[in-house]
Amino acid sequence: MKIAVYRKEHFNAAHRLNNPNWTDQKNDEVFGKCNNPNWHGHNYELIVKLIGQPDPDTGYVYDMKELSDLIKKEVLVKFDHKNLNLDTEEFKQLNPTAENIAVVIYNILRPKIDSSLDMKVTLYETERNYVEYPA
Amino acid sequence: MKIAVYRKEHFNAAHRLNNPNWTDQKNDEVFGKCNNPNWHGHNYELIVKLIGQPDPDTGYVYDMKELSDLIKKEVLVKFDHKNLNLDTEEFKQLNPTAENIAVVIYNILRPKIDSSLDMKVTLYETERNYVEYPA
Amino acid sequence: MKIAVYRKEHFNAAHRLNNPNWTDQKNDEVFGKCNNPNWHGHNYELIVKLIGQPDPDTGYVYDMKELSDLIKKEVLVKFDHKNLNLDTEEFKQLNPTAENIAVVIYNILRPKIDSSLDMKVTLYETERNYVEYPA
Amino acid sequence: MKIAVYRKEHFNAAHRLNNPNWTDQKNDEVFGKCNNPNWHGHNYELIVKLIGQPDPDTGYVYDMKELSDLIKKEVLVKFDHKNLNLDTEEFKQLNPTAENIAVVIYNILRPKIDSSLDMKVTLYETERNYVEYPA
Amino acid sequence: MKIAVYRKEHFNAAHRLNNPNWTDQKNDEVFGKCNNPNWHGHNYELIVKLIGQPDPDTGYVYDMKELSDLIKKEVLVKFDHKNLNLDTEEFKQLNPTAENIAVVIYNILRPKIDSSLDMKVTLYETERNYVEYPA
Amino acid sequence: MKIAVYRKEHFNAAHRLNNPNWTDQKNDEVFGKCNNPNWHGHNYELIVKLIGQPDPDTGYVYDMKELSDLIKKEVLVKFDHKNLNLDTEEFKQLNPTAENIAVVIYNILRPKIDSSLDMKVTLYETERNYVEYPA
C-alpha cells in the first residue's frame, strides 16, 4: 500500500480578482471587495502532498528537506512578497483565485517530481477558505 | 481535472446523547458523560467541501461568499446557540452524534447546491473528535 | 527573576446567560442568542498560569502533571459535560459568563496552590472570545 | 480584582514598507522583500483586550457582540480588502509596519471605549510575527 | 453512504534516522541533522480514521472513547516518552521515519478494529511535515 | 507608550529530566516518564518578545528578519535536532526542564539585544505545557 507525505510552506502576496472582459459594475457584483483596484493580500499556506512507495534504504517516500527546498526554489521565489497580478507571468492573463493559484503551482511542480509519485496541492487563502487540486 | 473548494463555519450548541428505547443504565453505560440529562455543549466547526470545474469567467468552482451565506441561512440559523435535542425538528427523533449531525447538514445543503458539484461535510465536535460524510 | 508556567485543559459544557431580575424581553435584548431557555454550549479551553521560583532540585516551578491532575480533580469533574446553570452549585445564582466562570475557577484553585505562587486563569469560550482573571 | 476580555477579528490587506526620505537602495537594504513597489499582503489577526470590572447585572466586562460590531464598524470597514498605503488616510504618510498599524487601530478604538476600561491591541501580521500595543 | 470518524492523540518521543548499511558520511548526506547519533525528538500528533456505517442504536460509527482508549493502550504505552530506536521492538531494525512509524501504528491497530471498518493513520512529525497511510 | 514585538521559531530536541543527586527510585517518583534513561523528545516552539519604542525612520521596534536570524544563529544552531543533555554545554549540569531551557535561552539572547529593549522568552514544550521568563 502507498503512503502520502505532506509538506507545508507559506507565502504572502497581494492580488486582485477581476475579469477584464466585464464592466466595472459586473466585476463589483461578482468579486465584491476582492475586486479592489488597489489590491489586497493574504498569507497563503501551501501544502504539497506526494503519494508513493517508501524507498527501502531511507524509509522516505520523498525527502521533506528536498521537497521544502524545491517548493522554495520553484514557487516561493516567484510568489512570496509579490503582487500576483503585476509581478508574475502566470497571472498576467489569469484571474488569481485560490483555484487558479493552486492549479498554477501544481503545473509548476508536477514536472519537477518523478511521475511515479501522485501529487496534490492544497492552498489556504484564509483559515476559512481553501482549495485542493486535483480534487 | 477537478478542484475542491472548502468553506469553514462554526456554531455553538447543546446536546444530549440518548437512546429512548434503552434503560437509563444502558444509556449511561454506552454514552457515559454525554448522556447527562441536563445536556452539555460544543463549539462545532463545520467544513463544507465542493468539487467541480472552475467557471472560466470567474475562476471560481463556487463563490465562497455565497457558500458562506448559504451555510449561515440553511444551517447556522437552525443550529447555532440551540439545544439540538429540544430546539430542532431534525434531532427530535434522531440521536445528535457528530455522525448524525454531519448527515443532517449534508442532507440540508445537498439540494441547494448544483448536482454537478460533489459535496462532503466535515464536522469537528472537539479538536480531537471529528467526522466526515460521505467518507 | 520569576518564571511563569502554564497548563492548558479543556471541558465541554452547556449554559444559558440570563438575569432572573429582568423581563424576558430585557434578557433577549442584552443576551441575544445566549439567552436561549433551552441552553447552548461550548468547548471551553482553560489555561492556568502559576508564577514563582523554580525548585533548585527539580527545575520545576510546579509539576505540570500535578497541576493537570489538580485541575481535573477540582474543576473538570465539576464542569465537564455539565449544564453549568442546572448541574453546579456555583452557577445556580450566578450568570455563567466567561468572566464569572474564570473567577469561579480561580477561587476553586487558589486555596489549593501554595500562596507563594501567583495565579491567573484564562478561559476561552470560543476561539474568538476569551477572558483572563485577574487581569 | 479586574478581568480582561479579548475579542479576535481578522482582515486581509495589501501594503508596502517604504521610507520616502530614503533612496531605493536604502529601502531595499532595510525592508527587503517588504519594499516591493507593487505591494504584497497579509491576513491580519486583530485581538482587542479590555480590562475592567464586570457589570453586576450582566456579568460582562464588555458585551463581546458589541465589541465585535465596534471593531467591524471602526476598523475592518477601513482596512479589510484594502491597500493600506493607497486606500487609507492613516497610512498615506505613515509606514504600515505591524507596529504602526497596531498603534493606529488603538487610536481609532480608544475614544470609542469608556475610559474606565484599559485597552490593548495585538496584531498578527503572520503566525510568526506579531505586536502588542501598548506593551 | 459511509461516514468517516477521526480521533486525534499525541505522544512525545526521541528518534534517530540512520541506515546501518551505510557509512557515517552517507548517513550524514542523506539524513542530515536527523542522523544525530545522540537522537533528537518530536511531539507526534496521531490521527486514526475509521470508515463505516453508523450503528442505528447509537448513531456511532465507533465509540470515540473506546478508540481513544485503544490507541492509548496499544500505541501510546509503547511509544510515548520513549526512544523509538532503543526502547521499542518495532524500530530496532526499522528506520523510524514518519512513513515507517505510521505503517507500524497501522499494523498494530488494524487487527484490533473490526475488518468491516476501513482504517487510515495520519502522523504529524512537525506542524509542517506529516504522512498518511494508506494513501 | 511602548510596543512589544514577538517572533516565533521552533526546534526539535531530545532530553531527559533527572537529578543526579537522587536515587533512581526518587527520580522515577518525581519525573515519571520524563526520566526515561534513553530520552524522549519534543517540538519546542520558542517566542521571543522585545519591548521598546519604534524607530521613527523604519516604524520597527526591531527588524523581525534580524531577530529571526539572531535566534537561528544563537539558539537553533545549538539546540535544534540535538540531545539537550548530551550535546549541549548548557544542560550538562542543568536539568533541561522547560523552565531551565527558557532561562538559558534568555541568557544567551539578552546580551545580543540592546539593553534599552525589554525581553521575554516563551517556550512551548507541548501545546498544553509552556513557560515564560521572566514572568
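Order of writing sets the labels: A, B, C, D, E and F. Residues in every chain begin at 1.
Heads up, the rule we're going with is that a contact is a pair of C-beta atoms (placed from the backbone, for glycine too) under 8 Å apart; a residue touches a chain by one contact, two chains touch by 3 or more.
Keep in mind it's a predicted model, so treat the numbers as computed, not measured.
Novice: Considering only chains that satisfy the touch condition with chain A, which of them also satisfy it with chain E?
Specialist: B
Novice: Of the other chains, whose C-alpha centre is the longest way from the centre of chain B?
Specialist: Result for the farthest chain: F.
Novice: Based on CA centres, what chain would you say lies at the far end from chain E?
Specialist: Computed centres place D farthest from chain E.
Novice: For A-E, which listed pair, A-B, A-D or E-F, repeats its interface with over half of the contact pairs the same?
Specialist: That interface is repeated by A-B.
Novice: Where the centres are mean C-alpha positions, what is the separation of chain B from chain C, in Å?
Specialist: Their C-alpha centroids are separated by 28 Å.
Novice: Provide the C-alpha centroid distance between chain D and chain E, rounded to the nearest whole angstrom.
Specialist: Those two chain centres are 41 Å apart.
Novice: Among all residues of chain D, which ones touch two or more of the remaining chains?
Specialist: Residues 127 of chain D each touch two or more of the other chains.
Novice: Please give all chain pairs that are in touch with each other.
Specialist: A-B, A-D, A-E, B-C, B-E, C-D, C-F, D-F, E-F
Novice: Name, in rising order, each residue of chain F that touches chain D in their complex.
Specialist: Interface residues on the chain F side: 1-9, 51, 54, 57-61, 63-65, 68, 118.
Novice: For the complex, give me every residue of chain F touching chain E.
Specialist: My answer: residues 10, 12-15, 33-34, 36, 38-43, 80-83, 86-87, 126-127.
Novice: For chain F, which residues are in contact with chain C within the complex?
Specialist: Where chain F meets chain C, its residues are 17, 19, 21-22, 30-32, 94-100, 102-103, 127-135.
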